[in-house]
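Below: one structure, written as structure tokens.
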């Protein structure tokens, strides 16, 4: 229970809640509302040996893999979908063995998080048996159901050490509002020992209740106001997915580890003192206002993705 | 999956979805948003041998017991709280043995409904063991947790045949909006084979999305527009709890089964042809507008309960 | 009593008042107003967090109780929080309360044919296992003699039915043999005094009021009452606290919990004039 | 292919398109637009129900895909619906697909040290067990010969890793021995033809396209291909359907799934001129 009256802090203080070796749940999904500014700051702070858990992810996990911060990857998907395909840094790290592969599936993750938030040692499931996920997860057990005689898989509770979220609004007390699909963020918040969030805009409680409280304050450890904190992923209604920047990322990553370090990590992470620097490095106000043009018309929206 | 384009029907058609002997989950809780108009219509239609499941209930269950519609009662609470105390009809029926007592507890119910909506044969729990609910529920089983060695109670999935809800708004397609605490209504909707709802006001889908969809249409079998359908329980913001009418109900019930039949069931259920008749019988527009006065000021709100 | 219940509430925890318990509702709001400002107060029946009630209502699931709630939980979320060890304290009562803190609000007589069916325990059974600590309360410890000189005790030797579990089941199983999250009851606040629990998990009288004493408590208790070596007279609330309660409960809803006699009890309070 | 996938979708069911599957997204919207108006269409990644996408986006979790959704589910609600038997059909693909409908999107090589790590299966593993029916699809059935005259087959004898389960596990366990809700895959729609499954749960060629034939399919398939006695040429979409797809996908996102050669394939359509 996180009961401080004022949860606000700087981005670097926020990220200091992540410890080396932590089991980390990253909010958002695919190209939507990923807490990338917090991840860039984690990389700058040298966090490492993370165990990442999640459902469908992309640039967030790939970036951490590319920066050498990851020991174990336990997502259900890491890639760039039909847009760019496979995740280059993630692949390299998995195939080299520097990242241990513990792939999961969406509902398995959901049920493991639910077990944690319900204080149960496990959740039973019908699926997973018969697949090779049983080999990747020797910790899964099976039982015969005393009601039906069916064989069930028991997946153990999963309590991440930290959930890292990016949300549109919060109040100083730490109540969070998520606009649009929460993906697994609410499940993460309820199951995790700590929840840290970057926020587009911190507003008064009176304003926040107009939007609605998606995650109550007492789950939340700390918040930092970081506008454009999800860039280059989308954070509607503020900004759409930055396909142009992501293409640049992908090309750098695809060419190899060195190229990624030189052409991406250096200019956009290590040589940016902070998030303000980063926003300048990606093109500043001009680039950012471009990402808000989706609101003008379907044609303008389309143009972002051509 | 309930996919009709237009789910609207009359109250009597709505209630015809309830069959004798059904396991029924009644929405709302205590003096809040109970679907009493639907229950009165069920009584008029002669529905009987119901198995009622729920958490904290009051006049809804007591009324059905008083009308002889109930075979099994499996709630966690049936009473009138500090306001009037014990539920007279419910008590009589339980003590006479005409209603079989299968009392449950709130979280046990929640976990049984969740098992149903997740397609699981059971949910494990830490609590309940050591209490005498194990005697009331010989269907509960126990197991030793293969992860911790702890003894766990396994509560079987509970799929009600019908959930009966009263909500503020719906669209013709059956999307429902609940204002204020949903209590167990969402759990009931997801777990039950059929969901029927009385609605204060059926509005267009465009209007409904402004309020928000609490329960998606495909869970919902049928809806009927029944203004004041929760009376004498509250349905804020439209009307507060009718304490005056509830006192009348309670006094009639307390004096015995015959008194309840004469002084309550006759004038307010059997001799009312329909819900319009009922609204006239309880005092018509004057009484109803009185129940909206809570909005004027705290003093006016207080006056309703003096 | 409200004050004694409030005193059992730690600051910074999450606590829930359930329904049908006006004394507990007032105690929680009093605690948050005084020594426990960071209490996460979850309103019973509405599941609103940190509401500012317009006034105490005769039924619990009323918007007036939920006014200006900071955020909302759902029934399942509150119980999940308890089951995962995050509900710091719960408040339970019973028509029968035994020396181990077991309670009965389900029925009197045999469970397969109750002679008196009570309303039931709500989520009390689950929470008696899951909440970190339990405050037991009853406003009806004092029980009158009937015509035959017998009492229908509230604090009994054995409950007819165990709705919620204390430190040792009626079968004699100690609480520690079950995988409960919570540590069980640590006090019983009654109209006659305040009990703690000893190392065996047995209720032990620790406080009396200015107008009660150990023998009186024993007389109204069916089980034998061990008395603490440090029996003290309970601290009384100051007038500010009494004023707070009166403001929050203009309909005097909480007095419905009290016996006729208790409603007339009067204590000279600190700072009263 | 989009049309063939769409034809597998029954009216009135709940179906979900997942993410990274533009062909399936288009097929679902096409089905709802044509023969399945009461389809409960759940958008992948956003979990919006019956949205009216502005246009097909390059990534799935985009507001443009969720525009005007009638209502919203959450990740857990969609998977709960599947697990309780309410997801009528799911659409799965794989880099390896075997004759029983097992698929691999996890990795090539040994599971404890993959030589090629694929993105992973999302919820495919769960849904292959839970969804009532599965449509398998791949746009890369046609596989080129490499320098040594070998093919890296898409339709393989055996998957290196079983991400999602078909009618018989790689250990030979029939699906019926597991407490799955769903009946498993009933078709494989590829760029070369459409398979059904026979009584043993083995894939069987049932349809070819105007420019493909059974021998070609067999040549590009590593497992032996039984051919249905009623092999037919697949019905082609009419121009209205093609226009619908073009309107919904102005960025031609779905062509990214297709090989260079397939993008140039051309069929004379009913009603085209």
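Should a chain be cited, it is by its letter among A, B, C and D, assigned in written order, with residues numbered from 1 in that chain.
Methods note: contacts are C-beta pairs under 8 Å (C-beta built on N, C-alpha and C of every residue); 3 or more make two chains touch, one makes a residue touch a chain.
None of these values were measured; they are calculated from a predicted model.
Chemist: Would you pick out the chains that touch chain A and also touch chain C?
Modeler: Chains that touch both chain A and chain C, as defined above, are B.
Chemist: Count the C-beta pairs in contact for A-D and for B-D, then report the pair with the higher count.
Modeler: A-D
Chemist: How big is the gap, in whole Å, between where the Cα atoms of chain A centre and where those of chain D centre?
Modeler: The computed centroid separation for chain A versus chain D comes out at 28 Å.
Chemist: Quick one: report the Å distance separating chain A from chain B, using the average Cα coordinate of each chain.
Modeler: Once rounded, the distance between the two centres reads 40 Å.
Chemist: Please work out the Cα centroid separation of chain C and chain D, and write it as a whole number of Å.
Modeler: A distance of 59 Å separates the two centres.
Chemist: CA centre of chain B versus CA centre of chain D: separation in Å?
Modeler: One centre to the other, that is 43 Å.
Chemist: Would you mind listing the residues of chain C that make contact with two or more other chains?
Modeler: Counting only residues that touch two or more other chains, chain C contributes 72, 83, 130, 181.
Chemist: On chain A, where are the residues touching two or more other chains?
Modeler: Within chain A, the residues that touch at least two other chains are 119-120, 125-126, 145, 148, 150, 152.
Chemist: Under the stated touch criterion, can you name all the chain pairs that qualify?
Modeler: Per the contact definition above, the touching pairs are A-B, A-C, A-D, B-C, B-D.
Chemist: Tell me, which parts of chain A touch chain B in their complex?
Modeler: Chain A reaches chain B through residues 119-122, 124-126, 141, 143, 145-148, 150, 152, 154, 156.
Chemist: Any idea which chain D residues touch chain A in the complex?
Modeler: 19-22, 45-48, 54-55, 57-64, 66, 72, 74-76, 79, 82-83, 106-107, 111, 113-130, 161-165, 169-170, 173, 175, 178-181, 250-251, 253-254, 256-257
Chemist: Over in the complex, which chain B residues touch chain D? Could you list them?
Modeler: Counting only chain B, the residues touching chain D are 1, 3, 5, 116-120, 173, 175, 190, 205, 213, 216-218.
Chemist: Show me the residue ranges of chain C that touch chain A in the complex, using the header's touch definition.
Modeler: Those in contact with chain A are residues 12-14, 38, 40, 49, 70-73, 77, 80, 83-86, 88, 130, 181.
Chemist: Help me check something: in the complex, which residues belonging to chain A touch chain D?
Modeler: Per the touch definition, chain A meets chain D at residues 29-32, 55-56, 58, 75-83, 86-87, 90-91, 94-95, 97, 101, 103, 105-108, 110, 114, 125-133, 135-136, 145, 148, 150-152, 180-184, 186-187, 234, 236-237, 240-241, 243, 294, 298, 301-302, 305-306.
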